[in-house]
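This report refers to the structure that appears directly beneath it.
In order of appearance the chains are A, B, C and D, and numbering begins at 1 in each one.
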């Protein structure tokens, strides 16, 4: 497991959430971040059904499942419009953000900042905001369930610290606007 | 099984074949026609892998596996450009045609003429050009293998008739231009 | 494909059939013979479900699916009594014979005569009684369906010959006693 | 989740362990107890592969995976001798105990004391020896991984208490004899 505070998400458009999400705003919950592309076969057959199952199974248990559409190839085919149809047809219900297109190459911004190697990638962040798992490729259900269970069982950080963060970033319980960096 | 001569394919663009294909040009072979959409989950998880397997397994045995991209929803998402990326990522190697967009509604031309109910649909045509099976939904491998085996074992029609057809439509062995109708 | 008349089955006990079966008695039908062991993982996960599906799908179409319990290891664990419980729990409905124990080693009689390499093995016999396919290991559904379809489509042998065989071996339509060899 | 101290295992024979195991001896670890029958299809296709995977994945992480062969039907077919062959063929490597045959009916002793409804049943016991999950039927990998992760993350009970238990029951680190009850 890694143990860093990861960079904030940079998202150009959100689906399945009325309020934009930020890692800051999700503090206090375990966050499972699924980086995928809609034309990546391993994402479609394994990672996305896993994310959807996780969302339905543990959504009420302080776990936030968040998708991130990190398009680094076939940009003209995987537009937000195409993603919208994809989300509809595959009946995905968890929040999904479009990683903002990069200006210096094919990699989108969040993907580049995180140093992702490709899709699918599963990132698990603990209640205090630290990145605890970074897994490239398909991840086994037992292993992912284990990580989520272990991180949920860890004590949340002190309430005072959380309140301070919230004040700093102006988040409400439903989510937050992307903070200026 | 049905037993009719189906309408000719009306295709605006082909992938995985240098020569446009027609049912006329495929006379003498058993044709398995897979109508699909790239954002149809049942097509992606079942029908397209089945078509690819059939193509690799029996391609040399007088079976022509042909895909038909029959887009009847989300037209802006499932463009030929998006299909090209999809074919590349899913490593599909059998010939795939784009069903020509209709002028009076969302259904493409071939799909409407065949009266297809949706995707995936599997159509099996015998050596003489008759439609022998029309299956909407996922089709079992055993059942499809059985149909293909049975139709391959049927005697092809007389050589003279085949030669006459070829002359009429100006086809060569690799395929044919879409005949004027 | 092979092309021989295989030896007759030597079976010490039958399940799921009131009359003992013989290849002679099954002439005129395509016979799919599944050699298996109840403690063989590849048989349990793949070959037996495939045989059951084939039986339900094509049983009415002149296809006889027959199981053969060819125990060549763990003899004390895979007794006919254990097999009976296994057939009950796995809800197998096609006829299954127990290959007769050998006298000179661990291999049962039919298995040795056929030269089987192990389990699962799928043997396909045409309407005239010739062995046309001998496949050791898991067999793909498309490939098995194809073979069955192709052999069913072949013309059955002349009625006179069939009648003569029936007379010779004293079989009725439901099955026959194992002929003396 | 339940929250009781479950009865001790009553086992007539162990496989894959040189020392008999007891729940007392496993205190301090999370115990996943898989009750199964070797002729139960849901056990063979799902629960046993899951148990084996769990054993290989988390065996070093303070998780004890233990199988319990709770035969309540077809007793003559599912003997310890047959189980031994089954374990060999399915390459199961986690410790498996044979639930002791009952004297007043078909249910074995441990199964009756636990009030199990059938097989497969998954029981998860925390580090302090309390039964925290009792699941009849196939259990999802994500859900089981979650439970194991959460229970592992809970603080183990005080060292003094553990030492006292060990003394009482005469266990060593590898396991313990079944305590008199």
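In this text, a residue touches a chain if its C-beta (ideal position, glycine included) is under 8 Å from a C-beta of that chain, and two chains touch if they have at least 3 such contacts.
As the structure is a computational prediction, the values presented were derived from the model and not from experiment.
Asker: What is the chain whose Cα centroid lies farthest from the Cα centroid of subunit C?
Answerer: Measuring from the centre of subunit C, the most distant chain centre belongs to A.
Asker: Quick one: report the Å distance separating subunit A from subunit D, using the average Cα coordinate of each chain.
Answerer: Roughly 36 Å, centre to centre.
Asker: Centroid of subunit A to centroid of subunit B, CA atoms only: how many Å?
Answerer: Result: the chain centres lie 40 Å from each other.
Asker: Using mean CA coordinates as chain centres, what's the gap between subunit A and subunit C in Å?
Answerer: Measuring from centre to centre gives 54 Å for this pair.
Asker: Among all residues of subunit B, which ones touch two or more of the remaining chains?
Answerer: none
Asker: What pattern do the touching chains form: line, ring, star, complete or other?
Answerer: Contact map by chain: ring.
Asker: If you look only at subunit C, which of its residues touch subunit D in the complex?
Answerer: Residues 39-41, 44-45, 73-74, 76-79, 81-82, 84-86, 88-90 of subunit C touch subunit D in their complex.
Asker: Quick one: in the complex, what on subunit D touches subunit A?
Answerer: Checking each residue of subunit D against subunit A gives 50, 53-54, 57-58, 140-154.
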